Structure formats: C-alpha cells, structure tokens
Amino acid sequence: MPFIPHTEEEIREMLETIGVSSIDDLFDEIPESLRADTLEGVGPSLSEMEIGRLMQEKARQDSGGICFIGAGAYDHHVPAAVWQIATRGEFYTAYTPYQAEASQGTLQLLYEYQTMMAELMAMEVSNASLYDGASALAEAVLMAVRANRKSKSKRVLVPRSLHPAYRATVHTIVRNQGIELLELPFDDATGQTDLDALEIHAGSDFAALVIPQPNFFGVLEPVDQLSDWAHRNGLLAIAVVNPLAMAVLQPPGEWGERGVDIACGDGQPLGAPLSSGGPYFGFMTCRKQHVRQMPGRIIGRTVDLDGKPGFTLTLQAREQHIRRSKATSNICTNQGLMVTAATIHMALLGADGLARVAGACHANLNALVEKLTALDEEIEPRFSGPVFHERVLRLPMEVPQVLRTLAAHNILGGYHLGGDYPELEDCLLVCATETRTPDDLEKYARNLQRVLATRRQGACATMVRFDL
Amino acid sequence: MSEIPDDLKYTSTHEWARDEGDGIVAVGITDHAQELLGDLVYVELPEVGTDLGAGAECAVVESVKAASDIYSPLDGEVVEVNETLADSPEAINEAPYEQWIFKLKMADPAQLDNLMDAAAYAAAVEAEEH
Amino acid sequence: MLIFQHSRPGRRAQAQAPADQAPLEGIPEAFRRRNRPRLPEVSELQAVRHYTKLSQKNFSIDTQFYPLGSCTMKYNPRGANAMAMLPGLVDRHPLAPESHSQGFLSAMYELQEILKSVTGMAAVSLAPMAGAQGEFAGVAMIRAYHDARGDQERREILVPDAAHGTNPATAVMCGYQAREIPTLPSGDVDLEALEAALGPRTAGIMLTNPSTLGVFERHIDRIARMVHQAGGLLYYDGANLNAILGRVRPGDMGFDVIHVNLHKTFAAPHGGGGPGAGPVGVSERLAPYLPVPLVAFDGHDYHLLTEKERPDTIGRLSAFGGNAGVLLRAYVYARMLGAEGMKRVADFATLNANYLMKRLVEAGFTAAYPGRRATHEFIITLKPEAKELGVNAMDFAKRLLDFDMHAPTTYFPLLVPECFLIEPTETEAKEALDAFVEAMVKIREEARQEPEKVKGAPCNLPVRRLDDVRAARELDLKWEPKGETG
C-alpha cells in the first residue's frame, strides 16, 4: 500500500481499541446512498519506476526548444544551491509558521526576504508573498481603493501597455466589488503610456494609477512623470515591476518626488524555474503607513521570554482567520517555498550579481535585435522607447506562420501581439535573457532568414524543409 | 469582575459613553471588553467630521489574536479623536474609562436615555458569561 | 544571526552570475538605478551554510509528527518532486507553442479527468493557485450563474459559524455578504436556523464536509434540497476531502461547485506556507463559467482553451495557468495511488484519527463531540485541564514542541473552548500516534507537578515563547544596519 505504514496486525489492534470490527464501520455516520463504489477514470496504481518512465516520456515530448519568449516569464540561470536547499524537507514539508518557536527557520528567512525585497524596491515594508504577479496587482488595486482615504472613487487607471493577462486577472478579481478599471492608451511611436491622454483625467476622482516597469512591450515607462501625476491628482501610485530589472533601473520607491505607494510584481526572475507558468510568487511592498491595509502574511522581529531575538507572524488581525469577512483578503496559503528559493537566490547573487544578470540580458536582447533587423529592412523595432530585455519587432510576414515554422526547428521565437493588440497584428515580442548564447542568437537569425527567403520565393514557409 | 462605573452609559456591544456637556459625548470601550481582547496593539480611529448613526461601525481595536469593531452608541458627528492611542493603544488596557476613543456631537441628546446604566450593563455581562 | 550580518563589502558568490557587467547601452541615465540595494554580500558557502542551518530550526513533516488539524500534513512523496523537476517540464515556458507542450498538457488533462472522477463533478479547472483562490473562483461562478439569469437579488452567502475564515472573506471579495449559520451541539448544522436564513437573497452556502469540527454533516442531503429549493447553490470547501477521498463524492452529495486543496489531499508539499493549488470542479450548470485556461483533448492533440473558446468564463486568476509545478506533483501522486489507493487514503486517515481519539479519551482527555465518529480529524477540548490545572491549550501546544512533535491546530474552530484540532493523516504509523498520547499524558502530569514548566514551554527550541504583543506594537519588519547588536 503506497505511503501507508500499517501492518495487518496493527490494523487489527487499532480496530479493537476503537471497538469496531472493520474500517467500513468507521464510516457508519455517512448515509449509505452517498458511498461511492468505483472511481472510473483514475486507473491502477503505478510504481515509482512506472510513473517515472511515463513522466520522462512526457518531459521528452516538451524538450528541445530554444526559448526567446518572455512576456512575463523569463528563462534565467538558477544557482544549483537554490533548489537543493529549498527542497530540504525542513523547508519543503513545513507549513505556515503558526507555531513560531518551531518555525524559526522559515520565519527568519521570510524576515530576510522582506528586507531584501524592500531594499530592491526601495520601499519601506514587504509582505511574505502572494500568489503571482497578476493576482498581486489585483490585491494592490483592492488595497489602494481601501487605503486612499482622499478618494471616494472605486475607479483605477490601468495602462494598455500593461501585460494583457495581468489586466484580465485584475478584472476577474476586482470587478465583483464594483471596482472599475479605465484603460490608458499607449503612444504609437514610443510604446510608452501616453501622457497627454493621461492629462485628460486630471481633476477626476480616481483611487490609483497602475505603472508597469518595464511594460509589456519591454519598453521603459516615464515612471517619474507618471508617479508624480498620480500624486498631484490625489491618486495612489501602484508600481508593477520586474524585480530583476530593478537591480539596474530606478526602483519604485525613488520614482518621482515621493516614490510610489505600493510596488508589486512577479518574483519569478528571482530563482523560480519557468515550470509552465507556476508556481512563481507575487511580491508586494508598500509605504509603512499602509501596512495595515496590506494583504498576506507579514513577519516581525521580536524577543522571547529571555529577551533573545526571534521572529513571528504579526499584524494577523488583518487576515481572514481572525478578521473573517472584514479581512484585507481571503488569502491563506501563499507561495512560501518560492520565496525560500528567491531569498537564497538573492543572497547568492547579491546586488552585484543581479545587476550583471540584468546587464547580460539587456546586451543579449540588443544583440538579438541587431541580428534580426539586419536580415531584412522590413524587420524593424516597432517602438522607439528604451527597453530592458524584451522588444517588439515588426515582421513582413504573417507572425503566427513564422512562429510555427521556427518552432518546427526548435526555435521558440517569441510572442505574437496580434491576439491582444489588433493594431500590432504584424508584431512579435522577443526576449533574450543571459542564458541565450551567441550560438542561440545565430540559430534564430539563420532560421528566420530562411523563412524570409521562402517569402521572397513566394512559397509557403511550412512546405520548405531546411537543415540547421 | 470587571469595573463598571456608575456615572457612565453603556451599550450591549461594550462601549461606554460619557456626557461631556454641550451636546458632546465621549466614547470608549469597557473594562470587560479590554479584558476579553487582551493586550491591545492597535486602534483604528474614525475621521473627524464623519456622520455616524447609532450602531454604525466606526473604529477598530486590535489585539494580537482578535480584532473588534466599535459601534457608535448614538447618532452624531465625530468632533474629536484620541490621537494618543495611535502610539499607545495599551493605554486602554491600563485605564479603559480614562481613554476615550472619539467624541461625538450628539444629534439628539435624548438618545442617551436609550443606553444601559451600570446595573443593566452589569447584568448583561453576567448573562453573556453563562 | 541574519544573512546581512555575514555580509562584507565586495564579497560575493562569483560562479552564479556573468563574469562581467555589460554596459546598459540602450538605457538612458534617467532610468537607471543610482544606489545599489543593500543585498547580502556573501560567499556561496556562507549562503549555503546559513540557509541549511536555518532549515534545521524548522519542524516539518520530514522530521516530526505534524498533526495540524485541517492542514493534512501527510507525507509528500519525493518521487513527485523529482518528476516535476525533470528537464522538459521544469523549463517549459508557459507560452510555449502546443508543438512543445503535449507532454505537460496531457498530464494536466489527465489530472482534470482524475479530479472529475474523485469529486463526482462534471468539469474541472486547474487554474486556482490555492484553496482560497478556488473558493473565490467557486463563489464568483455562483455569482456569474445568478447574474446570467438576471437573478441579482441574491446577495447572501450562508456560512456555518464553524467555517474557515477564508469562507466569509471570499464571499466579501465576490461582492456578497456573509451570513452565519449556527451549529448544533451535535456538530451538525442547525437546520431550523438554516431554514430561517434561506430566501430570495440566498446566493448559496459554503460548507466543509466533514466540517471543521471533525464530524460528517449527516443531513447533507436535506441541506442540499433546502438550499436548491430556495434557489441557492452549494459550495464544497475541499479542505477536508482527505476524510472521504474515494469513499464519498461531493458531487453525489448535491454540491454544485467544489475546490480541492492539492497540497493537502494530493500530497503536494506545503513549502513553509505554500505554494498550493486549488482546482475547482463544477456541475453542468456552472461549467460555462469555469476559470481559464482549461485543457482540452481532440482525440489527437491537447489544447489550451482560453477566453476565446470560453466566452462565459469568470476569467483568468493568474498571468498563466496556475501553479503547474504543484499540479504535476499531485498528478504523479494520484497516478501512484490509483483508484484503490485513493480509497485507502480515506480509510487509513479515518482509522488513525479514530484510534488516536479513542486512546486520548481513554487517557482521560475530553472529546468535544464524544458521541460522534471522528472523521480524518477530531477535536479535544482542554477546558477541564485549563480549569483544574491552570494550563491551557496554548501551553499544551508549546510543551508538545519540546517533545519533538508539532502541535495540533489550537483555538480553531472558535466554537470549542481550549480546543485542539488533531489530524494525524494516513501516513503516520501507530507508534507515532501512541507517542503523541504518551506526550499528552506526560504534559498533563507535569501540569500537576510543575505547571510553570508547561507554562514556560518550549524550552528545548531555538527560542522560547515569543512576545507577539511587542511584535505587533513595535513593528520591526525589515532589518536596518544601524544600531544592530544581534
């Protein structure tokens, strides 16, 4: 019996102690009509070897692509030590540190994490994580509506240059509370949020402005102006940022004259593997004055009976297990293990290491863009705004077709923007992290060139076979 | 048994109210309430100028393991809040009847008569414990 | 000592980052960071040693008995971790084309099917990232259903007073009001009070069955009929699914929507607080509203379905498809159990709980619901001990830590004074249960002889009892280098 330790003799003894003759008797309070007989669709039990073989086969099917897709999830090198330590049983199989004295490992690590994340964002306080970047932004929007006492509005300004899946997630989570999201257009030339379009809203009552950095197009937003505009007009400023980029870019706590009020995002670039989209973790930092409106676990340092420093969950009266229907959020389980990995990741790399990774990404992206735009004068950057490690390119061919052909040759060539932005139907979002080699870039360029060549010959790209 | 001064008025939700004259009433929480909650760590104050109806949630007191709403005992407008509680919520534990939380300008001072006197409140506390 | 205190300027783990700092050519000065963040500057060995040592200050399933009620702290198979981390799966980009995704998608499709089968629901979405997000999705679907019928008067979600705090908090996040329903002394829902609460404002009810009181709701059939007759829907909080896995299916009880905590029932790790996964299953009438993405199979290939194919969906709950790595671990576990193994989960979780309850009662402790069978968990109340010996549930919990056992859930549910909610799970051997009884008896003896020892517990751990009040009053949430003495 997999994972069940009981011997026949023990089962007998235990039933005897309880005073029943069979395990079935223990279910005698459940109405007979509700008992299930069989579980169709589950199948027979597999041994570790058998399931191992099956999973190897599934893994093999998905292997081999060279990834130039970013769009919110980034292929970074994760030091070997990170997951070897994070999957130690003491971290991997503990739960929420309710018994602080028996959880000092997790608690101290989370306190260190809060410190690192607050430092990276240049913000005053951090929580101990939310689910992912998109849901963290939804929580930030809810928090801003609660925290902005000057505003009576439940309306929030959200740029169209924000990740479309983030916008969709925020919408799902906040709409039932009557919160309205108003979209801001982007400048067609730069790819940045259109400041003139923003100015139209000056004087209207909004609770908050969301500011992505970099935005979904990889473009850097004029964050100083955006943050100051929000504050000038009585809005809270919510930053949603790539934490790795903050190693080299101005952090949200320093944007404009006052810095933002809430900074959140997805922690995936800090030690989480791509893993088909999760688990990652959402981070959230804010000004200290708003800490009681922040959702999620928060760890504080205190002392024990002997005056020795120690760590514990604090400000729990915000949370659902105490405050129930008046809690700041319904969140309970968070993404603790991913934060464990991120903390070890940040400790290993340090500020200097993270800046080098960020620099290498930026350089690789520039090299890729240079190579691809050199192939054909009709391939060109779509936006003129400065970028971090992603860029939008316009292609002279149907983008999904190009991507399919590239994929057939194990190049995962990027993300087609036409689905989310009809006006960018001919555009592709490409990314190159530090893990892409010059050889990878060369392969991409070579294959794209061949796809283009087929266009010139007027042939259908998929009909053409070529070697790498 | 907790302390219940005779000169105050009480609610079933454990607020006390003291007539300060000129239509102003001071509101706090009772000794019994602070005992139930334990060491207070935070008081969320209402905003001056807020109009409250009797029974409206208007402030929150928090201990480590609980958070409790405070309800306005009467109709009225918040005219003053006890800012010192923001930094020293424990003052309520130490002297619950000295630490008012907010003051109301009563809309109808006659409503004071609807509140419990000390004897009635003592009986209500007694009943709650059984 | 904190990692920051190992820091020395200029020191770093060299091997993990690129050797050089590439110039930030395309980034104008105005966008660049001016001051480096104060992150640790340590060697690789220092980091490894520091975090390894920290791990040793934790209790965990791998190292201790962990009978934390309502959390299902069962063994997390190592094989599931190893297989979820296979190259090809662990490095698959969430937006990879379907040509490079068939392995992953096939596992997810099969997991959907397995969950449909064990819950008795018509359709499943794997999107929610934890139980609370599953609850959110469930109640949002209930709302979408009523709204689509133009039935917008329904604004109340009924919640038993014994429910997890996530239930009322979720109702509010969905724009509903939570209305509490009392529980009878037997542990069952008060049907008269339920009848009185039901009406044209009822959107639905959220129930955990077995309830958080560790007993099976015997009138679930009747409750389902009553709620449906009033036009409401039934939400099943799957936190306690371990008790009935393979034995009873929530769909057969009349529930319209359910979430499953894969990090509980399906043995995915709790990770010091997460990640979890909270897939939702629904009956036919709610199927159009399931959160996206879903995985479909056309007989040949597997596909992701999004808003395009599912226009009535409540939408997306995360940037991608949820906690895929957790889903993979649960999939491996489910395949290893097979149909027979699922049933054994409920059987042995129930056997262990009933055995432990009986042994504790025989040892003189007080079961909160003595006339009832334990399910996979049960409650004892330490009120008599608190009254006679002045030693409360918290003291017992802290002293248990000294005996190298994690404490049960204390002071939840709130209905039972001085309560211990105890969930041993099916993966614990009889010796562990016997040792727990011995420890409880010993602590009670200590409470008689030397109560200060129990009240001062723990004394064998890295720290003694912590000052929570100070932590909340003098917030110290971030390390500052100045004035540091530690």
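Per-chain numbering from 1; labels A, B and C assigned in written order.
Keep this in mind: a residue touches a chain if its C-beta (ideal position, glycine included) is under 8 Å from a C-beta of that chain, and two chains touch if they have at least 3 such contacts.
None of these values were measured; they are calculated from a predicted model.
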| item | value |
| --- | --- |
| Chain nearest the overall Cα centroid | C |
| Between B-C and A-C, the pair joined by more C-beta contacts | A-C |
| Approximate Å spacing (C-alpha centroids) for the pair subunit A, subunit B | 45 |
| Distance from the mean Cα position of subunit C to that of subunit A, given in whole angstrom | 21 |
| Centre-to-centre distance between subunit C and subunit B (centres being mean Cα positions), rounded to whole Å | 37 |
| Two or more partner chains touched - positions in subunit B | 41-42, 62-65 |
| Residues of subunit A touching at least two other chains | 322-323, 326 |
| Sites on subunit C at which at least two other chains make contact | 468, 471-472 |
| Contacting residues of subunit A [partner subunit B, same complex] | 149, 292, 316-317, 322-323, 326 |
| Residues of subunit B that touch subunit C when the two form their complex | 39, 41-42, 62-65, 89-90 |
| Of subunit C, residues touching subunit B in the complex | 411, 468-469, 471-473 |
